[in-house]
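One structure follows; several queries about it will come next.
The letters A, B, C and D name the chains in turn, as written, and every chain counts its residues from 1.
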Amino acid sequence: MSEFEPKIVAFVCNWCTYAGADLTGTSRIKYSANVRIVRFPCTGRIDYMLLTKAFASGADGIIVSGCHPNDCHYTSGNFYARRRWMVFKKICDFMGIDTRRIVFSWVSAAEGGKWAEIVNSTNEEIKKLGPYESYHKLSTQDILA
Amino acid sequence: MEIINKLIDKSSLSALIERLNTSGKQVYAPVTKNGLCDFAKVESVQEIDFDSIATIQSAKSLVFPKVEKLLSYEKTYDDVIVKEVDLTKIPEVIAFAGRPCDAAGFIPLNAIFTSDSVDQIFKTRLDKLSIISISCKKADDFCFCTSVNGSPSNTSGSDILLTEISETTYYAEIITEKGKAILDAYADLFKDSAVVDKTPFVAKIDKQFSTEIINEKLKTLFESDIWDHQAMRCVGCGACAFVCPACGCFDIQDETKGKDGVRHRCWDSCGFKIFTMHTSGHNPREKQAQRWRQRIFHKFSYQPEQQQEFGCVGCGRCSRACPSDMNIAEHLKAIAVK
Amino acid sequence: MARIGVFICHCGENISATVDCPKVSEVAAKFPGVVYSIDYKYMCSDPGQSMVVNAIKEHKLTGVVVSACSPRMHEPTFRRACAEAGLNPYLCEMANIREHCSWVHEKGDKTDQKAIDVVRMMVEKVKRNNALMSIKVPVTKTALVIGGGVAGIQAALDIANAGHKVIMVERDPSIGGHMSQLSETFPTLDCSQCILTPRMVEVAQNPNIKLYTYAEVESVEGFVGNFTVKIRKKAKSVDETVCNGCGLCTTKCPNKKIPNEFELGMGKRPAIYVPFPQAVPNIPVIDKINCTYYKTGKCKICEKVCQAKAIRFDQEDEIIEVAVGAIAICTGFDVKKTDFFPEYGYGKYKDIIDGLQFERMASASGPTSGEMRRPSDGQTPKKIVFVACAGSRDPAKGIEYCSKICCMYTAKHAMLYKHKVHDGTAYVFYMDIRAAGKNYDEFTRRGIEEDGAKYIRGRVSKIYERDGKLIVVGADTLMNAETVEIEADMVVLATAGVANPGAEELAQKLHVSYDQHKFFSEAHPKLKPVETNTAGIYLAGACQAPKDIPESVAAASGVAGKISCLFANNELTREPLIAFVDRTAPPEYSSCTGCFLCQPVCPYNAIEREDVKDRNGNLIKQLAYINPGLCQGCGTCVAVCKSKSIDIDGYTNSQMYYEVDALLNS
Amino acid sequence: MEEIKKIAKELLAENKVQLIVGFEKGSANKVRPAFFTKPEEIDQLIYNEYCIHNIALYLKKDICQKANNLAIIANPNVVRSILQLASENQIAEEKIKIIGISFEGKCVGLLDFKAAEEFSKTQPKGIKPEDKALIEKIQAMPLEERFNYWVEAFSPCIKCYACRASCPMCYCGKCNVETNNPQWIPVAPHKYGNLEWHMMRAMHLAGRCINCGECNRSCPVNIPLNILSYMLSDFILDEFDSEAGMNAVFTPALSVYTSVDKENFIK
């Protein structure tokens, strides 16, 4: 059997992390191809329900990333996001949803290297954890035969 | 079919349940778990709660589950491949130790699903369901079966009705062919009996009104302010409809995962605002009072008119479940004297 | 039905060396909704763009996915190509398979699969894109400048000289601000009024500038290009159109014992007064609180002596409504008063003054005509102590930030003192000397080396009076923290620069944000230093943080430049990627519940309360309304809205949901 | 009790309010929410330890929306709900008179919002020891067990939405689960649909829930829903020093931030 290749979704803001990931590209820094990037205007826009939706859609790991504090293109979107993530993480933990599979990070437009590291370390961590079977099973058992 | 009168020892129930199970039938009976009594799959008689007046939910989920797959499909580049549900996979089920009102509930429910077009999934489930009920020894303030043409020892709807006539014995009425099939299969567990008058062995429930009076009154009450008055404290949830043995409304939901999809049928309630909400935002039943009126009219006017069945068996579940104590019997009584 | 075209770019070999582009194109052609899929060497080249244009026309495409480089690179290019073909430009999306794929992954199946997934996600997204029109907003080419200090003056003159109308509102009876109070200015020691007053006069004479003094902003409504501002013109009790500024009234007023604000209490003024001789406009105002007539109903001497008949005791405040397209906030700062400091006697020692008071004392037009005379007895102080960081950089009691201007003006004060009192000694207690600026360090060095100011590195712990002397107790940290005790004749505290009183109230009227010290906040600390978060409202000068004159003037010119850019257009064109609140038929009108929990999260104050009323004007419901002129499209409100009543074009709930949903389909 | 009746009767008799929301005797041994519009009806009004329904709920229902002014018999949970509703622009002070009653059943008379705020602060919090114990029990479980606990706990859920319908804070005209393009939350009451629904609801109440426990009381299948909100309320109080239902002018925790919010979980 071939090695488990995690499916990782990254929810990133347009101005910092998306641009940072562009820089990773222009710097030709290699990282795992298991990540799929979804672009948002701001971390403030990222709906927590999309995170559970991603797990339900087969993701094994999720990266949520935006501008460092005080760097937000819209000044404060990331601050609201930070609180929302804290509360969301808390309820996930309490409900037994595996928050080790959700990685939050700040990656600026200048941190191409950091982006590669975040993706690679997440990939390694999720490889260790294995596929997120319990959530995939729960979310598909009534839909897929 | 003429009713066959039998006796069955309490001690034989254990064998009955076991043998039903081994024959491949699924047995559902009232089970109390975490202080909550509901129908659940059982393998032995010890699991069954014979004492509860009524389960929280009715037995309707045995034929009309809270969510059920109607079909599944797969989207291709330019087509959709539909896969029907395999009706042969629907299991044979025994509803055991439910109350006469549970059994009676299948009659209006059946009318909803089969009176004009026949819902094949529902019909197959009901065909494969045998109902062994037990007469009620006790009742509570919410029971009002006698006001809606039922009784604590009513046989309609049941295939077999058991009535406890002594510490050790049930009087068993074999009512239908399905009941007879069970009797025939497990004849060794039953003993012959004469007709027994069940009255001394069952609960007394006073008749508060009649369905005919309600039906008659409703003809003039559509515009009455009684609905506003009664629905004042209604919070607009669906608890009453969902625990009701006779409520058959459902919602159709398509759920997809990528190219695969399934069409689900889930319970719905006329008490919900969204039940009649149009896409435009217009809602013909804008107020909770109108939704409450719909509930009563459906059960006591529309359904009897269209399907010759009243949509209420007097089990009182809705009143017990209501978070704001909307007591249907009390409200019907008020309608009867209006 | 969607008819999507997919265009896979090789980017020379930048993409195709790693990603199997023909294969991606082949797979994409089988995605539901895709009717055309092709790969090509350079999609952004002319022939490449023509392929997009032709395919849109030929295959009647309803959406386009260009799978190439980052959208941050070429999204505008392909949107233009779509528009050229008659397809709404916002029906084009880019799948990034270069920066996010070919450049960062090895050649192989996994990378091909990623490219395929990314294209599929964008196909699902673009199916749900809405055709959008860019937003056009008209521009009123008049600017409002709030505050007539040096920053306001500079901004007003620059904007006016660019040919635009300016309305200036000044709270005091004259423009000039703090700079008009200063004696000389660092690092050149040229006279403050000499350089400022010509500019004040220029403001008054510029035909493009309408000046309202003794006036305040009452309310502000609207958005960039279209503000409506109400100005309260306080009653001066003098008819400005008639008064000729002869000043006779001010000399004849019997009540002359009122502490003079301009002199910071060190001088007196009459009840009818002009704040200082060079005031612009040179029109007196009656201080109603101290005027004998207003207090007792008798007097009216000013009216009797006024030959121009300009006195109007019955004048009332006037509200003027103006339409402006941009607003410059130049409201300046204030200094902490000496009564703030318990260890220095809470202001009870007359000879402890603050820096601004020293400026007046040193000014030739000041209460002592520029002579060094201490307030208590008018004697010339022979020993003077300057205390820097009085309140600044003191998180425990004062203010944590550095007031920035004090190091320089304290050096200046020491020098001015030495120039005037040759045999006197000037001590300066300081924490650090922060003299970063052109010719600044040279200036402070001159103070120490040429004028002999004695700098002591340490803080003053206590000042008390003994035998008519002020005993200043401090530590010299460069001398093993030895206690230093100086018997001084006068002490000058370089008190912290703080926000103007009323700054908070003004910020709320303008809907701009402010920091914990009540200084106005810039939109971005580095890249948008003169903008606020509210489009069309700008900041200059010390209302943002303590600033010196050159910085304030530079910021003011920056603001003027920004406003001139704004006014260079007749209408503003904005990307239509903004949030909106849903609307439905009555009786709901919208799924919005009017909880307004979205309001505080909007960085731009773009969310307003909209009243839905019946025909009789009765309120039915309150809904959130997002002002398209103000929304910048961050989408934070979308994620906060519980009933999903807010959505944002370009990143709608449906688009994002199905983009994520498309993950599974591999 | 008599005091409550006296106040209520006066309010109606003097035409100070059109409607009083309170309780009356219900079926069997129950009590039920009731609405009084005439002074003579007040004889039916009761208040006892069983009157735990959070009747602030009705403030957003037709009957109260129609009334120009009304009074409500308000235990601390109701008071807190009113304050929270007020902070969310759902009820105006001039429209409502609050007849305050402490958790011990003592009538504290009419409360304006300011007095209600004071009252709310003096009253104990709603979290019961057994709820706390259950929260701790769940928190002590290993991850997979916690997940299974909730999947099982939610499995009897029939999506009757009694939790939502009886929650004063669930006043949305169109609930998230009814938003169908996209359908964020599966409508079907299968395990996945139930988990997502209850998680979404907990998130929507985060920082807004006043911990009355009404969701749990109304649930016909006894799901311990209240502890989801309790747990989050505790967390939000700890982390952000924010507490719903204490002030009529209040911004819930998720609509504000501070620059010092924790970020040790962010890489």
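Note that a contact is a pair of C-beta atoms (placed from the backbone, for glycine too) under 8 Å apart; a residue touches a chain by one contact, two chains touch by 3 or more.
These figures come from a predicted structure and were not determined experimentally.
Simply put, of A-D and A-C, more C-beta pairs touch at A-C.
Averaging the CA coordinates per chain and comparing them to the mean over all protein CA atoms picks out D as nearest.
The mean-CA centres of subunit A and subunit C are about 35 angstrom from one another, to the nearest whole unit.
One simple way to say how far apart two chains are is to compare their mean CA positions; for subunit A and subunit B this gives 47 Å. The mean-CA centres of subunit C and subunit D are about 42 angstrom from one another, to the nearest whole unit.
Among the residues of subunit C, those in touch with two or more other chains are 588, 601, 640, 653, 657, 661-662, 664. With touch defined as above, residues shared between interfaces to two or more other chains in subunit B number as follows: 67, 255-258, 264.
For subunit D, residues that reach two or more other chains under the stated contact definition are 173-174, 184, 188, 190, 193, 254-256.
Contacts between chains leave no pair untouched here, as each chain touches all the others. By the touch criterion stated above, subunit D contacts subunit A in their complex at residues 135, 138-139, 141, 143-151, 184-185, 188, 190-193, 195-196, 199-200, 202-203, 206-207, 228, 231-232, 235-236, 239-240, 253-257, 259, 261-263, 265-267. Considering their complex, residues 88-90, 171-176, 179, 181-182, 184, 204, 251-252, 254-256 of subunit D touch subunit C. Contacts from subunit A toward subunit B in the complex involve residues 56-57, 139-140, 142-145.
By the touch criterion given at the top, residues 70-73, 96, 98-101, 103-106, 108, 110-111, 113-114, 117-118, 121, 513, 521, 523-525, 533, 577, 601, 603-604, 632-636, 638-640, 648, 650-651, 653, 656-657, 659-664 of subunit C touch subunit A in their complex. The touching residues of subunit C, counted against subunit B in their complex, run 30-32, 584-589, 661-662, 664-665.
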